[in-house]
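Pasting the structures here.
Both complexes below contain subunit A, partnered by subunit B and then by subunit C.
And now, the complex of A and B:
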């Protein structure tokens, strides 16, 4: 491994890293918003909407991100909708993530026994107060491990962005290997930056889990 | 005597299954009424109808002169005036003991946090659980949890307390500590409506015994009379099941 090559490649990888992180987290933010909305729709069994949500969740959970990205990036222009590769990446990740988050959040909500809500109401709380102070925090505590796993899974899925010509980490590595055959250095940097991206998330996840779950589950 | 709770011709059914049929009962201020009866006779559902956890098909529940079920106005917050203690405690597992007790007075009654905390600590002291105030429910025994649940209901200053088989989920040696707390409340002239299977306790604490079977009130008696010479055949049969 040539340290000079690594030094030379570092700025390129840094740039790709920032782009990957940006799109990754934007996608995850979108996934959370979508997931929460869909989970509520399913939890409260809203008519019509929950059927649509069910269809969306099944569709996106059962197709690979790569296929979804191809569909959005190459398929949509054929019906006149043209979007940038970055927006496509964000949207694809957000839609995929939304379907996973929806299921994690819904199962958390459903795991809180109905009598907890009655207990809150018997103390005079309104439906909203019971949800805000009793149901939601417990559901969150239950969902946290699943949500964190989803975040990590989604960050790793960013590696397929290269397929829609986004200059992300994977694209940069492949590109440099193709140009200069510095395979070892390129792959080393690729692994390094992915670890750099995920390790802090993993640690933060464990910390959050420990903190929010202490009350209900202990150490 | 001042009437605090009045139930008139209450009728409750789940789809085609009638659970309560023409149930009427009046509870006076400071009175302890104990409801007994075989499993499935509708006594728990009756309590749930009183504080509106169940909607009713006919009849009325009147608290202090005001009809509360069926609710006249949407969003009328009468439930804070009725304390309820559940069989399975139903403490909030994500909150500490103090957090469990202080949540509703602060959020529902908008009371001052320091005042609420002082009262919560005082009440915990009375039931012997001061040392547990910063613990979580999972760290408490069943009897301790149930005492906390009683404190959580008391701090709302309810006009009437409903107890739904509050010792049924407890180990035998923990039943007493909970019953002692309720006995203490009776001495303070609290109005209480108690569903229980503890016959000795019912006899000791009740001003009146209500015997229910098959969704109706069969007999209302003084406790001594009910346990020594029940008027109805069904009550006699029910009491026999407790003899060995």
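And now, the complex of A and C:
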């Protein structure tokens, strides 16, 4: 491994890293918003909307992100819908993530036994109070492991962005390998930056899960 | 909208053949992952410190490294290091098995430690031997918890196999691109129809498997 080469490549990878992180977290934010909206639509069984949401969730959970991105980025322009690669990446990740988040949040909400909301009601709580103080905290605790797994999964999925010509980490690595054959250095930096991106999230995830577990079971 | 392109000539057959190429890689990887994953998962429940440390590192690597990066490391890095030329297909099977084994092992371990101690104690109280306890009491319970989860893992592996396109394997997305290129003149907006078809093909494969997993999970609850 050549230190000089690594020094020379570092700025390129840093730039790609920032772009990957930016699109990754924007996509995750979008996924959370979509997921919460969809989960509530399903939980409260809103007519018509919940059918649409179910269709969306099933469709996006059962197809790979790469195929979704190809459809959005290369397929849609031929019927006149053209969006930039960055927006496509964010949107694709958000749509994929939204379907996963929706399932995690919904299953959390549904795992809270009906007796909890009935008891809250019999204690004279309003619907909102019951949700805010009784249902939401329990549902959140149940959802957390799934949500954290989704965040890590989505950050890993950012690695397919290079397919739509986004200058992300994979793209940079592939480009440099093709240009200069410095395979070892490029792969080393690629791994290094992905570790930098995911290890803190993985640690934070385990910490949060431990806290939540303590809140639920006290051990 | 370019949907007619799919039904022209042998295009649909070619797309399906592309899907088949991806499926072959995922099914081989699934088979390897299930066998190795069960073995590793059982090793992990032995509580041997050395095994624990090694498997923890292995699982953490798989947990945080994108499959795409692993694919690059094996496909480009291995050749560079050893001078041997690994085909894209073999690289893909290695990477997906490496990943799948870790996921499977984690599922197996999770299921095994989720069996309450009272099950072992009751079996002992009933006079069952260790092997009898394992075969007649523990395994049936583990299978019921494990099967829906591992079927789910299979759909995830099938979806991930779409990545092999990026190391040059001709699978369904690549075939789609070729069809679009070939019909550039006669059907300039074929991209929509072709990629929509690929989208639906993946859905048609993964959705039923996912349903099966959900059905089994519901059926075996409690």
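Basically, the second predicted complex is superposed on the first by the 218 of 219 C-alpha atoms of A that agree within 3 Å, B and C clash if a C-alpha of one lies under 4 Å from a C-alpha of the other, contacts with A are read in each partner's own complex, and residues count from 1 in each chain.
The rule is simple: a residue touches a chain if its C-beta (ideal position, glycine included) is under 8 Å from a C-beta of that chain, and two chains touch if they have at least 3 such contacts.
None of the values given here were measured: they were computed from a predicted structure.
Peer 1: Examine A:215 and indicate which partner it touches, taking first as subunit B and second as subunit C; both and neither are also allowed.
Peer 2: After superposing on A, A:215 lies in contact with subunit B but is clear of subunit C.
Peer 1: Which partner, once the models are overlaid, touches more of subunit A's residues, subunit C or subunit B?
Peer 2: Greater contact footprint in residues on subunit A: C.
Peer 1: Examine A:157 and indicate which partner it touches, taking first as subunit B and second as subunit C; both and neither are also allowed.
Peer 2: Touch partner of A:157: subunit C, not subunit B.
Peer 1: State whether A:115 touches subunit B only (first), subunit C only (second), both chains, or neither.
Peer 2: In the superposition, A:115 touches subunit B alone.
Peer 1: Applying the document's definition of touch, where does A:126 land relative to subunit B and subunit C: first, second, both, or neither?
Peer 2: In the superposed model, A:126 contacts subunit B only, not subunit C.
Peer 1: Under the touch definition given earlier, write down the residues of subunit A that touch subunit C in their complex.
Peer 2: Listed in rising order, the residues of subunit A that touch subunit C are 58-59, 61-64, 66-68, 70-71, 74-79, 152, 156-160, 162-163, 170, 173-174, 177, 183-184, 187, 190-191, 194-195, 198-199, 202.
Peer 1: Using the touch definition up top, name the residues of subunit C that touch subunit A in the complex.
Peer 2: My answer: residues 1-2, 60, 63-69, 72-73, 76-77, 80-81, 155, 159-160, 162-163, 165-166, 173, 176, 188-192, 194-196, 198-199, 202-203, 206-207, 210.
Peer 1: Would you pull the subunit B residues touching subunit A in the complex into a rising list?
Peer 2: Result: residues 51, 53, 75, 77, 79-84, 86, 88, 90-96, 103-104, 107-109, 136, 138, 152-153, 156 of subunit B touch subunit A.
Peer 1: Could you pull out which subunit A residues touch subunit B in their complex?
Peer 2: Touching subunit B from subunit A are residues 115-116, 118-126, 129, 133-134, 137-138, 141, 214-218.
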